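In what comes next, subunit A is part of two complexes: it sits with subunit B in the first one and with subunit C in the second one.
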Partner chain A sequence: MTTSAAAGIVPPGLLAPAGGWSRRHPLLRQAVLLGGVLLLIAFAWEAAKWLAGDPWRIAIGGFTYTHTPPLAWRIASDISLPHLWTIVATLFDPVPGGPPLWLFLTGAAFYTLRTAFVGFAAGALLGLGLGIVFVHSRFLERALVPWVVGSQTVPIIAIAPIVVVALGASWISVAVVATYLTFFPVAIAAIRGLRAYDRRAGELMRSYAASTPQVLWKLRLPASVPYLFSALRVAAAASVVGTIVGELPSGIPEGLGRAVLNFTQYYVTAPERLWATVASCAMTGLVFVGLVRFAEAFLTRGRYRPAAV
Partner chain B sequence: MNKSARIAGMLVGAAIVAAACSSGSASPSAAALIPVKLQLQWVPQAQFAGYYAALDQGYYTAAGLNVTVLSGGPDVNNLQVVASGGADLGVSWVPKTLQSREGGTDLVTVAQVFQRSGTRMVSFKDKSIVAPKDMAGKKIGSWLGGNEPELFAALTKAGLDPTKENVIKQNFDMVAFVQGDLDAAQAMIYNEYAQVLETKNPKTGALFTPADLNVMDFNDPSIGTAMLQDAIFARDTWLKQGSNADTATKFLTASFKGWIYCRDNPQKCADIVTKAGSQLGTSHQLWMMNEINALIWPSPNGIGQFDTTAWNQTVDIATKYGILKAAPSDGAYRTDLAQAALAALGSSVDTKGASFQKLTVTLNEGGK
Partner chain C sequence: MIPDSAIPAAAAAATPVVEIRGVDKTFATASGGVVALQGIDLTIRAGEFVSLIGPSGCGKSTLLRIIGDLTGPSAGDVLVNGKPSHRARLDRDYGMVFQAPVLMDWRTVSRNVELPLEVMRYPKADRQARSKRLLDLVELGEFGDRYPWQLSGGMQQRVAIARAFAFDPALILMDEPFGALDEMTRERMNLELMRIWRETETTIVFVTHSIPEAVFLSTRVVVMSPRPGRVNRVVAVDLPQPRTFETREERRYFELVTEVREALRGFEEAAAVDEVVDARIRVEGIG
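Then we have the complex of A and B:
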């Protein structure tokens, strides 16, 4: 029976229950899933406010709706958790002397993304380089990997001002901060991935007197690709965080960092603006991770893949 | 008209167009301008309107200067930037400049722009805190980190011990105050105080009003613990190099002009600051401009001039509350540059603003 055979190979959760439209349109299915979760979160959000938030006063035209929640939880107050529609509405409010907030945030996100990309690229190269060095030298691996791990225990908010003082307040310093956050996952994944090649293939290559660079290029690197891409997705998200943190001590006005700073300082007067900014920071990270996924799908199409990762 | 005259006319026309197109930094005269970098202590906002106005109105260029204004921020150490040569002049509160000097820099205050302190203690009416003594046993908010001496001095004067009172570290916002975590909170009259008035009272759905609040003013003679705030400083070594002292004087003259412009055109200045990249709401920006004007004007000795009594009070309080270990060394401030700048403004300009009147600014929700 073919169906039971398929069920035996593929883990049960991976198959859509009924192989209808959702199976033929995986992108659409993904969108419906994400939208559903978003609706659930929105429902829980507003339900908490209805139960225990500040009094509701909605006036649209002649229609007014007031509601006094029976409970009072601080976490559901208008300052902690603004109504979702105020967050959406604030996106269409113009920034003083500028475009609507959503356009302003999109511009800031692109600026931040550009810096993040430079930091990400530098971090990925550095991480891969370190990984290559470490898999070829046990001595260097033992001597240096603890330092690499240690580097990540230092809070980035402490590193960023030091980098800015040393290199000057410019986007280059910011990219360096992003590099600092991104090289680590790549280096660790590279160490594992470069060792995850098929041993039999390695022995075969050695029996043909293949050089170390040949083994690296033809065997180790291809084997490491799935590991590297998992790390690159983590690194992409981290580079956006690193860039936003790095923008603060650099006094860079164009990016998301300044928006976070401004709207934090004025949080009490308009909490929805910080929430909108938080959402756009998250979107920026997601877009970057999505780009990495896209690159992965493109680069690994029809390539050699190890049996199990 | 013969042919050559026509060609000459065309050439002149082309030259005019070219000159018009290449205005600003690309014009040949820009090469002759002296480059000056000014480091602010915070992001662009009306607190620094005078400098942005001087840029916008071309006062710096007219004085032969090409001024770059560097934005500050919570993690930007404005004093360190100037001390390390990253900028020529900076804006800072006086006690912080003195503290940096005690730490080994050679920073000198050259002009005292703000004549009054903008710091207040704000509380809701139902807490009945109208004088420093009423803060006994209350949850008192302060930004600390060098922002507390005015408060501590006021508590001490009222017979309280600041180290025994419940002083809570406050973020640079009013969230904790509005949520009731603080009974009294530190607030700049031009910023955080306005934020409260731009916030809806969740109980009523209407904005908070001044009638909901008690405000204590450290400038008030009954409290009398105000310290000097925004002042312009520079490195001593920079000032003594070449013609830099002269450059500084030109900078001060043009900056003073900018502040005078903002006194007379508050709305225009608020717009200039917004154009310079401030993201504050329209009503908040104008409120800030108006209150900043009130910290500068009237300037009894003329704009930017020093008042020895205020200076000594600042030093005394800073020394008593551990901001400074000892009174500052000689040369912590010099009056000659600001005096020369004032003289350069001439007698036709009102440099004292004795008849200055504040506007009435209405704040909107979220500062819009």
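Then we have the complex of A and C:
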């Protein structure tokens, strides 16, 4: 449960007693928890810099003070771990010949999210389709599941250029790369979930002389929903990764992939831009996983409450 | 063999709904075959309420499952409505109620009752009308829009009963449907089931290991012996219909309870030995 898992991280004052406002407003509670954890990470980040980062000058009003950290740790240097305010400030700097960085990254995130969604949808359908085939045919399951598992041992970075060359450098190839990453968790969960129905419910359907498609549609698929959604959340995050990796060899300029590639090249002089881009990628994944969770809550209303993101 | 005298006069004239002829059932286990049923002969006629009772492991649930074509006999024939049981299943001649309600948690109560009707492609208006009527019959008319988890165990089992009756099957098979309920709920459910049985005029085969329940509900009680399961004795229950709360206080009721209990008593020692076999069969997954 959200509350107990987070209890160790968040100061006790942030947690409302059970049955209080947090129970009545689960979304607000989630926001408070996310904000609390974010603050803790920021605190740890800057504490590391204070202790072992590069010296910096602090100016408050007319008073200036140069802080020299007592230790030196390469990981906390300004190149590896820029100050958070540097990262925030760079969001408002314009990218060369373009809009401010935050606007550029938001646009890129939406572009990537759109491609990721297509890849996710195709991967979900492919995974579910494979699951349906496998639970109805032990023969095909034995023959093909090892290949499905094997497909995921190939690094996506090797698959992406092959797909892009084969299908052409367009967002469709990128979506195919995302599909490649997303069908797998869905297929594995579908194989489990479609077998997870109550045996007696199966006998009930048998006593109605239900056809195989009827058993699938009215029993196996609904019973597999909790399994499928667990996989779909993983798949949503994976589809964003797949899209970003797919965007690299296809040379698509609009997405986060190109932003990652660009700012990697300037990392030594402006690491804060790559960090801002990394944060955008994470946000994009989180937004997508959140959308999947809302879809689950909507589809299973009255039945059960989905687990936290 | 059932002596004809054991069949109530009214039922004797009715058409047979279930005819069991020389049924054996042997389960294969790693340590050889276990004979679950041997030489079962039983005829159940239209409108009867027949209970199968016996010590655990006597194969009464297996016999019910054979009637319902959920498993096949190793030897012998089972006719339901004059057809082989397999054909009867495909013709949707019977409804089934298990010990657990087995409701689908993603469906509302009324949509659970509609499930068999959907499978059998009843038109939507008919489905809804039947679901409404049956939920009224089990006195859950107000609860159609709820989800199963919002109902108590007894209410869930009433939904399962409504579901079994939804498509007007000629035969209802019930496998210890009230076994998981507390005694008070169970007695109330017994009364309700009697009312539903009278109103729907179905034939019911009912597996139980409660002697009072079997006597209270049935027109005949089939007492089975432990493994290998055989029909040991058939007790005709000549208590007047309708059975009411007062039925349980009649002298004849106590006499019949005693009669069934004595028919069962002979097996108690054998049953204790059988627990060992039972445990083994459960472990090997064929119970």
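By definition in this document, the second predicted complex is superposed on the first by the 279 of 309 C-alpha atoms of A that agree within 3 Å, B and C clash if a C-alpha of one lies under 4 Å from a C-alpha of the other, contacts with A are read in each partner's own complex, and residues count from 1 in each chain.
We take it that a residue touches a chain if its C-beta (ideal position, glycine included) is under 8 Å from a C-beta of that chain, and two chains touch if they have at least 3 such contacts.
Given the structure is predicted, the values throughout are model-derived calculations rather than measurements.
J.: Since both structures carry subunit A, what do subunit B and subunit C do when superposed there: clash or fit?
T.: fit
J.: For A:Ala158, is the partner it touches subunit B (first), subunit C (second), both, or none of the two (neither)?
T.: Neither subunit B nor subunit C is touched by A:Ala158.
J.: Per the contact definition in the header, classify A:Thr300: touching subunit B only (first), subunit C only (second), both, or neither.
T.: In the superposition, A:Thr300 touches subunit C alone.
J.: In the superposed arrangement, which partner chain does A:Lys218 touch: subunit B (first), subunit C (second), both, or neither?
T.: second
J.: Tell me the contact category for A:Leu204 with respect to subunit B and subunit C: first, second, both or neither.
T.: The second partner, subunit C, only.
J.: According to the contact criterion defined above, which of subunit B and subunit C contacts more residues of subunit A?
T.: B
J.: Report, in whole Å, the shortest distance between any C-alpha atom of subunit B and any C-alpha atom of subunit C after the two complexes are superposed.
T.: 48
J.: Taking the contacts subunit A makes with subunit B in one complex and with subunit C in the other, which residues are shared?
T.: The answer is that subunit A has no such residue.
J.: With touch defined as at the start, can you tell me which subunit A residues reach subunit B in the complex?
T.: Answer in residue numbers: 54-55, 57, 74, 77-79, 93, 95-97, 157, 160-161, 164-165, 168-169, 248-251, 253, 258-259, 261-262, 264-270, 273.
J.: Would you tell me which residues of subunit A are touching subunit C in their complex?
T.: 198, 200-201, 203-210, 214, 218-219, 222-223, 225, 300, 302-304
J.: Considering only the defined contacts, which subunit B positions touch subunit A in the complex?
T.: Going through subunit B, the ones touching subunit A are 43-44, 70-77, 80, 84, 86, 172-175, 177-179, 195-196, 198-200, 202-203, 205, 271, 274-275, 277-282, 284-285, 365-368.
J.: Under the stated contact criterion, what part of subunit C meets subunit A in this complex?
T.: 68, 70, 89-92, 94-96, 98, 100, 102, 104-106, 108, 115-116, 118-120, 147
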